[in-house]
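In order of appearance the chains are A, B and C, and numbering begins at 1 in each one.
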Amino acid sequence: MKTWVENAWYVAGWDAEIDATPMARTICGVPMMFYRKLDRTVVAMRDACPHRMLPLSMGIKEGDSIRCKYHGLKLGPDGVAQEMPLKSDKVNTRVCAETFVVYERHRFIWVWIGEKAKADPTLIPDLWPCSEVSWTFDGGYYHVECDYRLMIDNLMDLTHETYVHSGSIGQPELMEAPLECEVEGDTVRLWRWMPGIDAPPFWRSALKKDGPVDRWQVCQFLLPSSVMIDVGVAPVDAGATLEDHDQGVRGMVIDCMTPEDEHNHHYFWGMARNFDIDDPGFTARFKTQQGGVFAEDKVILEAQQQAIAANPGLKLNAYSIDQGGVRARQIINRKMTAQGGNPE
Amino acid sequence: MKTWVENAWYVAGWDAEIDATPMARTICGVPMMFYRKLDRTVVAMRDACPHRMLPLSMGIKEGDSIRCKYHGLKLGPDGVAQEMPLKSDKVNTRVCAETFVVYERHRFIWVWIGEKAKADPTLIPDLWPCSEVSWTFDGGYYHVECDYRLMIDNLMDLTHETYVHSGSIGQPELMEAPLECEVEGDTVRLWRWMPGIDAPPFWRSALKKDGPVDRWQVCQFLLPSSVMIDVGVAPVDAGATLEDHDQGVRGMVIDCMTPEDEHNHHYFWGMARNFDIDDPGFTARFKTQQGGVFAEDKVILEAQQQAIAANPGLKLNAYSIDQGGVRARQIINRKMTAQGGNPE
Amino acid sequence: MKTWVENAWYVAGWDAEIDATPMARTICGVPMMFYRKLDRTVVAMRDACPHRMLPLSMGIKEGDSIRCKYHGLKLGPDGVAQEMPLKSDKVNTRVCAETFVVYERHRFIWVWIGEKAKADPTLIPDLWPCSEVSWTFDGGYYHVECDYRLMIDNLMDLTHETYVHSGSIGQPELMEAPLECEVEGDTVRLWRWMPGIDAPPFWRSALKKDGPVDRWQVCQFLLPSSVMIDVGVAPVDAGATLEDHDQGVRGMVIDCMTPEDEHNHHYFWGMARNFDIDDPGFTARFKTQQGGVFAEDKVILEAQQQAIAANPGLKLNAYSIDQGGVRARQIINRKMTAQGGNPE
């Protein structure tokens, strides 16, 4: 039973993860392998030789082609046979590995899951801060042993920080500000606006300025499975609003969840920011810190997945704080139903 | 398919295992967590937050309440919500975790499996030597990867010692004495009376006296899954009988098997004794030795469970030595059938 | 669903693996244990005590009998009870463990899988070089986590050496010589004849002579699951032919694959040779080298088995180089169908 939307783009990997040497990763239940051609465009192919199914990711790169490590069947980047195991045999071009449409954007390699003909790059989630010139962006990867939707639930909620991240970013005072939520088409926005407060140390240091600030946290769910969280502060007198708040310093927490299968997902996380963008030391320090925080989520979500399996008579319940996740799941379920799927 | 009797008390843990910090343990297929309140009474709750199912055993104790580590839902020791994740939300007291009836007796924490209304402490197996003033009692715990009934079979048989424990307590001469067996209601007694023999070194040292002794071994099965083995010696001239043999030194081997699920159980073992009761050194040495002996059983029983799975065409057979286990299983099966179950 | 032919002999172990102490090994889904009697003939018995199923391989040898480690049931080498757990009990000779017909030949212990009455030693695959006086033979054992038929495919193909064994025995020039294939009854022969070439270093050193040689590689599949590969060189002027090539130096690569279950097999490999037969140093060095080469196959085949599971929509395809394996599988499938099985 598929738990994901089809005819959609999913992150297959960071741009830096994929190079000339094949990388294996199972996406939405399909074993795939990825590599870059000499022109640096990315090839995605089913990770099984059409001959005897040995993973092609174990194979040998020859120019832009891949030669299977078992009997040497050579396939071009289009997946079509270029040389049979016995070199003297006539090449049968119906021998081919399934290929997948990929697109590089916003520092990620995206792969299209669904009908190839419908692959449209304009449907790639608009993670604009990841490629905006005046911003910088970096992050990491975790394999998480849970349904990707549990991570969406987790990210579309701003209260769990208090408990899960009590030792790092959790701050009880965040709980005071009211939450607002809005659905617009296929996106959900959940936010908290904190006007005229003292900036916490991290943001004060980013702003390089004293005095009261407006602070915001805006979570945005984007189909099929990304969450962007807009965070930052601006001096009160700059007049920042929910719609327009580039007067101060902004960060965008970027989270892309790609189903590996029904019970596991690939978690690509990072932060884009519009300040100190030429300071790689800041980037490196922040990435380490963010990795630590998200590792705390990984522990919680994997325990949650196991508890779901161990308590078959129970179901997940939703309270007011879960409205963001609930609405994101409604959008996912609506799409899955329209595709003839059977959402939980 | 349940393999255990319901509406019965099972050992959840040693009294010393459970304290203010929650302890997780799955009992009869149900993930539970246990902790002590400030008044030292024990709370047993399903180990899943009613909100998003995170194990409550990962949570934070606040007084006698538990707060979930994920979103901070706070539950009282009665399992009922005391605070919602968003503190400003009205508390919904229908939000609650399932609780279980527990009772502390004979150095163990017992949990009632079945209909709460029927929980009756007088049904706790009468392991009287564990709490008798003139006796002392201690023991240990093993997780054993086999059906708990294989351990009952094992304990209701006094011949396996010769082979399984050949390096420790096995003694071929034990095999000479005839076995007798008796069923009375829901208990089975299996015994061997050895009149006028030389006491073996362990018992001679316990008796602190030379000369011929009467020796006994009396296994008793108690529903739902305990076995008590009365062992000891008395000087011949003291006139000990099967019914009354407190004239010498006695030990009671205590074994409580609690199903974790159909193929695993929690094994609580120990020995009570009515001699040298103020010698903690004796207790510690004996516990180490007994732990070694029962570890030998664990190896055998886990191999047996695997062999049962690997030989689906075979079945367990019973000979004369198995009469104790056979009758214990008949009692278990009769109860299970009466409860609409389907005993093997 | 069985994946093997019944009423056939399978290798249970090397002659040296089986001695007085029982050895456990699952053959064609049946847990078995093997030991040698004092007269050195081999006993094969189901590895489960007829009493409580404890593996008999954990038991205690007493003369030619085995005594179960749990309750001491003693069985003769014919599997029949010789002593009950309670020694005073009358022996019930209907109590017995299933035994299997075994035969020692060609340095292996063979076990008959199927109807006992049909067990006929003349059906043991004719691995004659393993017991020919003027030859010597040795080898090793690997447990391989794949269907045994994938190993047959692997061995009945002489091209994979180029890629799988590129660092060891692979040689691109082998690919030039044409392959020929022939089915005769239940055997398949696949060969390559390379007349008048320079001997490669290994064979030149074996031949101890310079000059052009005829070189051959002849793979032979033998029911139910052995492959023998005849390799060697002879001086051109000796007039070697495909049928008669004992003029030079010959090696016979011996491979016997025994299903453990549907997804795992026991791989017995070695090489017989008719040169330097009194040089145990040569044997030891060659065995180490051959073990390294076959470990490379193990990696490939286990990855292939996993890929088969991960790509349920794909199937194995066969090209010209696979003709040997295809025909071997046709013979296996024909036998399995005749036995009412359901070959893939």
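What we mean here is this: a residue touches a chain if its C-beta (ideal position, glycine included) is under 8 Å from a C-beta of that chain, and two chains touch if they have at least 3 such contacts.
Just so we're on the same page, UniProt names per chain: A, B, C = Rieske 2Fe-2S domain-containing protein.
Because the structure is predicted, anything quoted here is derived from the model rather than measured.
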item	value
Any chain in contact with subunit B as well as subunit C	A
Self-contact between copies subunit A and subunit C, residue sets same or different by half	different
Angular offset of subunit A relative to subunit B [C-alpha, multiple of 5 degrees]	120
Centroid distance [mean C-alpha coordinates] between subunit C and subunit A, Å	49
List of subunit A residues in touch with subunit B within their complex	153, 157, 159-160, 162-164, 175, 179, 300, 303-304, 307-308, 310-311, 314, 316-317, 319-321
Touching residues (chain side subunit B, partner subunit A) in the complex	26, 31, 46-48, 50-55, 58, 60, 67-72, 84-87, 89, 92, 95
